[in-house]
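Here chain A shows up in two complexes: once beside chain B, once beside chain C.
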Partner chain A sequence: MTDWSGYIGLILQGALVTVELTVMGSALAVVMAFLAGLGRVSRFMAVRALATTYIEFFRGTSIFVQLFWVYFVLPFAGVTLSPLQAGVLALGLNVGAYGAEVVRGAVKAIGREQREACIALNLTRGQAMRYVILPQALPLMLPTFCNNAIELLKGTAVVSLISLTDMTFQAQVVRAQTGSTLIPFATILVLYFLMALAISYAMRWLERRMTRGLDGVRT
Partner chain B sequence: MEWDWNFVWQIMPTLLEGLKITILATALGSVVAAVIGLVFAILRMTAPKPVARATSFIVEFIRGTPLLVQLYFIFYVLPDIGIRLPALTAGVIGLGLHYGTYAAEVYRAGIENVPRGQWEAAKATNLTGRQTWIHVILPQAIPPMIPALANYLIAMFKETPLLSAITVLELMNQAKSVANSSYRYIEPMTLVGVFFLIMSLISVVFLRWLEERYSRLEER
Partner chain C sequence: MAAPIIRIDNIVKRYGPLTVLDGLSMEVLPGEKLALIGPSGSGKTTILRILMTLETISDGHIEVDGDQLYHMPKNGSLVAADDRHLHRMREKIGMVFQHFNLFPHKCVLDNVTLAPMLTKGVARAAAEKRAMELLDMVGLADKAKSMPAQLSGGQKQRVAIARALALSPKIMLFDEVTSALDPELVEEVLNVMRKLAAETDMTMLLVTHEMGFAHDFADRILFFDRGKIVEEGKPDEIFRNPRQERTQAFLRKIIAAGHRV
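Moving on, here comes the complex of A and B:
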């Protein structure tokens, strides 16, 4: 009989790394999503082109390829990253590109009359975005952001392939040491699922908070 | 390290070999996904309540867990209970199952979009359940879904590198083995990225065309 408590501990350590990656990756992704998403609706051609290139590039290749590229090719360009940094960078940039389209879509979805009202009130473009457009666009973005966050969580499994000791990596270690396959893999499947549930509950809570007081304002 | 074109031409045949497997896996995976998705969708909509509930849970579970872990599960756990699958088969089943759950959602939306009157008319003309599905509901439900399904097809294509983790010799794995044996990472990894970028740019154009074609069909 194998002593499972030690192995479960190992997997939980990995779970911590997975959570860490998800949180940091999401933070980077949100920043990139807003930068690129607002960049795409910019009035400057160059900014729009830059944002479009970023989005198409990162949406066009898979997270796996990007991760390997960041981890194995960037060192030759003189940028050496730890596996964790490479993971956060690749995940954040990848999911950020998907998020950018969400931001753009939500900003575009705000009615024309809102923009016209801003012009009539003599708000600058920055003010209009900050006080009028974004507060209304944010609740529209949240459900899709929730899906993106879950995608990011699922993407973190890939970092085990660049030797980062996340949950999937630890499950492989347990498999190698005990020869048992069902228990480690079933455990991490359940853990991943619980994390995904936690994300979707957190997002729903956030959505309720953000739409509070907006009832009847939006049509 | 410098970019070396000679090396690029030298490894190109190996990479193309891998690309073939990648495309094969995507094609087979999408067939499996299309079928499994339909089964899931119909089970969720017509099966007795406990079965429908269980199906919903399974779909949610598969959607909430990483494809990589599911592939490991299929490849490493199933042999313990006597099901030994070749790597490519395991990969295709994994891809198909994972994207099948996404396809199920698309099917469900599509089927729910068929007006109630169609169901009632089918009943009024005394069609059996099977006939209703095959001759009335699905032919109307499927065309509007095609762009969304194609979208997931592209997503699946981009996920195929994960199969390298269960030893399928697809594009990424070929690139990795070339890189490991020659200690040159720049060219193989970049080429894999370029291959995927080109394929997905082409497929975006194709997707736009599909969207245009099938949205026009709606308006008729």
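Moving on, here comes the complex of A and C:
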């Protein structure tokens, strides 16, 4: 009879790495989403072009290939990253590209009337964005951001391919050592699900908080 | 006689093949209350939007308070206005919109204080004090902490008027400010505007379909049709004895539709 407690401990260590990757990857994704999303609506052609290139490139190539580039190819350019850094970078850039379109869509959804009110009140474009457009656009972004965060969580499994000991990697280790597939993979199934659930609830809470007082405004 | 505060000279506005304003010229004196009337699509709202810099012009010149609106003289030629110039011109002008355009995520008080704090660097306490005076003027001091969604249309429009006034513009533009309101709410907004006209010497341009109000409110009426001013004059002249046939036809239609003149 196998003593499972040690193996489960191994998987929990992996879970910690997965959480770490998800949190840091999401943080980078949010930054990239806003940079590129706002870049897409910039009035400067060069900024729009740069943002579009980033988005199309990272949406159009697979996360798997991106990760290998970051980890195995960048060192040839003199940039050597740890597996964790490489994982966060690839995941953040990849999901950020999707998020950028969410930001752009939400900003565009705030109508002409609000923009014209800002002009009539003599706000600068930056002030209008910061105080009027973004506060209204943010609640519109959250449901899709929630999707993106869960996608990112599940995407973290690919980092096991660059020898990062995340939850999936550890499950494979346990499987190799015990010969059991059911228990390690049932364990990480439940753990991934619980993590996704946590993201869901956190986002819903955030959404409620942000739309407080706005009831009945959006039609 | 004082120099005009607005001088519009031969402006043309085209949207693709459509010519909305066709060589239009007009002048407005400081403190004058002007009502722009005419059928839909005659270009009267476009004039206000151009003055507010929401639209550019295809040709012609506009001067507001002695400065060119869209072009600045530079080294002997005219160049397109930069942001700084636009902001300087927008400071002189305020606008109230048909659909209020309040900021739904901010309470009434914050709607009014936002722009003075951001654009003029007014401290919060001073901005709130002034905002409360203005809200009191429009009869909504008790709604300062309400969200726009909790207000009626008439109340929203009165907040929008207070918000525009908070920047103390020299010129106020009112674009069909009662058209989106239920009939029973129109009067409360018009009352605020009557009070404003009586108490301030602001220059006011009003686009409206409320002929009775235009008659009482305005020093001068401009009748627009197809991108041109067809007729202008004192309210009594325009409403009692319109000279132009198109003005007569328009007023007949309005009266037939049940509007009071």
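Please note the rule applied: the second predicted complex is superposed on the first by the 215 of 219 C-alpha atoms of A that agree within 3 Å, B and C clash if a C-alpha of one lies under 4 Å from a C-alpha of the other, contacts with A are read in each partner's own complex, and residues count from 1 in each chain.
The rule is short, and it goes like this: a contact is a pair of C-beta atoms (placed from the backbone, for glycine too) under 8 Å apart; a residue touches a chain by one contact, two chains touch by 3 or more.
From a predicted model like this one, the values you see are computed outputs, not experimental measurements.
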First, second, both or neither for A:Gly39, with chain B first and chain C second: neither
Which of chain B and chain C A:Ser160 touches, first, second, both or neither: first
Which superposed partner A:Leu197 touches (first chain B, second chain C, both, neither): first
Which superposed partner A:Thr181 touches (first chain B, second chain C, both, neither): first
Touched partner set for A:Gly25, first chain B, second chain C, both or neither: neither
First (chain B), second (chain C), both or neither touched by A:Gly96: neither
Chain A residues touched - chain C or chain B, whichever exceeds: B
Of chain A, residues touching chain B in the complex: 56-57, 59-62, 64-66, 68-69, 72-73, 76, 150, 153-158, 160-161, 168, 171-172, 175, 181-182, 185-186, 188-189, 192-193, 196-197
Partner chain C, residues of chain A touching it in the complex: 113-114, 116-117, 119-124, 127, 131-132, 135-136, 213-218
Interface residues, chain C side, partner chain A - complex: 52-54, 83, 87, 90-91, 93-95, 97, 99, 101-105, 107, 114-115, 118-119, 147-149, 163-164, 167
Residues on chain B engaged by chain A in the complex (per definition of touch): 1, 60-61, 63-70, 72-73, 76-77, 79-80, 158-162, 165, 172, 176, 179, 185-186, 189-190, 192-193, 196-197, 200-201, 204
